[in-house]
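There are two complexes below, and they share chain A, which is joined by chain B in the first and by chain C in the second.
And now, the complex of A and B:
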């Protein structure tokens, strides 16, 4: 059976008065995909979700589900179901009646709808709570009821607006696994809005990184993490050190850059032909960094490429690795995540001068993109 | 436990003020309730001359005490009419005002302005217009309209408070689950707002039940209870008047207890029946 629930957005634009919330977004979500819309608050991800759901109408552009335009259709006729951030469980109805609501408004007889609702509650392991009202449930239980209430409509696409934000840390980890499992079980498309990088990477097949109403990168989770397209994605997703320098030469498919601190880096040029003097950006994963203590900081660096020198200002033990925060001479921050075994075999301390270097093949070129996103606020600690 | 900190002098000033307030609020009423149980030979003032239900009986003897049962049933009926109209139109207006429609603030200020208009003049005006268009004033027409100019703005203001706490995602969720606008209203919006609607109903009922100035010149041939009581104060010189006060207070309290009780029960059910 061919899977259904493919979503296509074509030049989708949304204005609220003078504000451009979504700026001509085009994207395709294949059927049966777990897709995460990821971005800082105000980036337009919830607006995008609401336009797919039919709760907001786009100013321009088209939303197609399985090839059919759904513009102007009410939510229920789009084959979508939305799970609201607050869950919006009806407080005056029991869990059973909440789940049976869609059947009730469609005119299904009482006995039949109760039977179906019980079955759906059973699938989310909540049948024991059928006669409770939402106020009696914990956040995680409410989420399951909300999920059951949406899934009973047999949607092709389930839209989840920050589904985990109301839960505490422990439950969040548990429920995100649960969501992924439900998506596998039902085999439908999930579109999940979040501002938490780890959450997106952990559950999604397709991660869509957004900023300012535009898509910066839409790719597999691993690609978004490992090979971010732009400086914005690299900084927002985190786990990367972002550096830049001016091109001084190009040889063997790599550009040689000098930065203002006197460091020299190499970066693969790919298909581009950088001109001398051009500024180029690159990223190196924090866990690809090698680090050694400098016995004599004033000693000459004898032309070591792909390295920086800085002062350790904080080390943070993370269990399997140690996060070493290094301040470069101009105040920029650089982070090395060192495997705990290697770190403790040769530890460094706050105040030590260190040389951090990386192999040339770990360098990933970036496109530069200005963003309002504040780098000190975001980023995963890996 | 010993008092460690001395209370400031303002505490005593405010406490005295509050005590006086309570005394003025309940003292006279209490005197009336007690005097309504005056013995058959007792008078309008203390001391009590025995205890009896004599004056409650006297209430129903029309000749001596005025038309109590007639005005009472009129007042109750009118209060119910006002209540139903107030709830219906306040809810509809409240829901409408959530959108910024053209002229919304003008309509709002016009509605609220009737709260500050002197009731007696309003009554005079309505009575006058009815005479001009040659329609007889009556409690179920002109007086009903006059009372609504008072209860509707109140109802609307309460609806604003009720709706300000209403999460619109309930409506979106209902629509998402395939409900039509009518089903959303019937199965989701009204049930969730129901405790608030009871509050509006209570206001509609009590504002009408003891309304005086707006009714005075619009009521027509048959008096409402407050007007009848006012007439009695000049003609009736027996504790039957006090018995009347006690009876009407019981009705008011019954309305309040019924409303607040049902609100409490609904909130309790939504908070979870199974909790201890």
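And now, the complex of A and C:
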């Protein structure tokens, strides 16, 4: 079966009054992809979703599904179905009638739509609840009813607006897996809006990191995590230390940077040719950091490249690793995630001065782009 | 002083219970008792007889009066329901800003800033033979002579009722509509429901309570009306309450009491019928 449900957005723009909510976004989601729109609240991800669904019309640009423009079409004729954040189940209808609603308004006969609804309830393991009303169900159960209601019309694209945000931690992890499984099973495109980095990375084939109505990076989950494109993505996704310095020299495809704290870093230049004095940005994954306690902090640094010195202000045991928060002399924070075996073989304590260093090949160059959003809130602190 | 906790709720309801007992319970019982009394000349004589009821039921006038009031109730109920529904729908789902919502709601209550009588009387210069409507229509050349049905007719009675009672529908419908999550309407649209289907399949079922409560308000107010029908019909129509007032004026208290009991029963039956269709208790607890 040829997969359908490919989405193309072409220079999509949305204004609310004077506010630019979506700023000329272009993007392609191949058919059968699990795509996550990820960003802080207010970044426009829900607006983007609603424009694909047809609940908001764009100010400019085009939305195409399987190559056909769907602008102006009502939601039901786009081949999309939306699952709302609050689930928006009809409180006056039983679960069965909720699921059958889409068929009812399309004029499917009662017996036929009930049979189909029972089958769909069975697929989400909720057939035992057919005669209950939504108020009698738990959050997770309500969500499965909402999912069944969306899927009953065989949409090409399922749009999920923060589907897991109303659930507790345990259910969230469980439903996350269920969603991924459903997507595999139905083979349709899922577009899932979330502000939780872990959630996006765990389920998505394609992670779209958004900020201020623009796409910062759209890539495979691993690429977004391991090789963020910009300083914003690196900070927002988390798991990275972001540093910067001024170029003092370029040697063997690597720029040598000096920062204001007196540290020296190297960063691959790639295709670019940085000029001396230019500021360059880089990231190093927190789990690539080696750390050693400095016996005599006042001793002169031996000029170790790719290292920083700071004071440990907190250690957090995370099971398989220990998160060490280090404060650099200017107050910046630096984090090293040390494997628990290595950490406890050579532990450090709060107040210790440490040298944190990393191999040159772990350095990843970044483009500079900051957000006015408070990214310190975000980030998977792993 | 320590009050046993089992007594506390009774103390809390005591003031209201007392007020209801003194100003509602006792008068009601008195009316029921008096309705079985006899009257001789202008004197009320304690007795137990059904003559007053027989008299009311055997009078063709009573039937006419109740049929007239029933007709008014149904027409006014339909109009206030449609107007109330559309106004609330607009306020709840189309007015986005809370400030505008409050503003429009206040606009709805403007008629209530003056007394019922003034609001009613002010229709006379509008609808009269030389009133605003007739003069405008004649000025526009749409009619050659004044329309007579505008004032002192069923038409003017209904206009006055609708004007006086629509707000009761708006308030109760607004209240239940405002509790609908707008996402539910979007979900219905997403499911492929047309505008009309959204209203019939989702909005109306979810505003049943408001419709029932508003209907009880409007129907009981029209059935219990005393002066609107008299003034706006120019004395051509009368109401059950007005008939009672006549009896009281002639000091025929037992007879008036019997009419009052019958009216009360009719209104209670109508309210009960409405509540049978909509289980308000279930809706309010949910």
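Just so we're on the same page, the second predicted complex is superposed on the first by the 381 of 382 C-alpha atoms of A that agree within 3 Å, B and C clash if a C-alpha of one lies under 4 Å from a C-alpha of the other, contacts with A are read in each partner's own complex, and residues count from 1 in each chain.
FYI, a residue touches a chain if its C-beta (ideal position, glycine included) is under 8 Å from a C-beta of that chain, and two chains touch if they have at least 3 such contacts.
Predicted model, so just to flag it, every value in this text is computed and none were measured.
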Simultaneous placement of chain C and chain B on chain A, clash or fit: clash
Which superposed partner A:132 touches (first chain B, second chain C, both, neither): first
Chain B versus chain C as contact partner of A:92, first or second or both or neither: both
Touching partner for A:84 - first (chain B), second (chain C), both, neither: both
Partner chain in contact with A:34 - chain B first, chain C second, else both or neither: neither
Which superposed partner A:76 touches (first chain B, second chain C, both, neither): both
First, second, both or neither for A:190, with chain B first and chain C second: neither
Partner chain(s) touched by A:343 [first = chain B, second = chain C, both, neither]: neither
Chain C-contacting residues of chain A that also contact chain B: 53, 55, 74-76, 81-82, 84-86, 88, 90-92, 101-102, 104-106, 135, 149-150, 153
Residues of chain C that touch chain A when the two form their complex: 181, 183-184, 186-194, 197, 201-202, 205-206, 286
Contact footprint of chain B on chain A as seen in their complex: 53, 55, 74-76, 80-82, 84-86, 88, 90-92, 101-102, 104-106, 132-133, 135-136, 149-150, 153
Residue ranges of chain B in contact with chain A within the complex: 167, 169-170, 172-180, 183, 187-188, 191-192, 194, 266, 269-275
Of chain A, residues touching chain C in the complex: 53, 55, 74-77, 81-82, 84-86, 88-92, 101-102, 104-106, 135, 149-150, 153
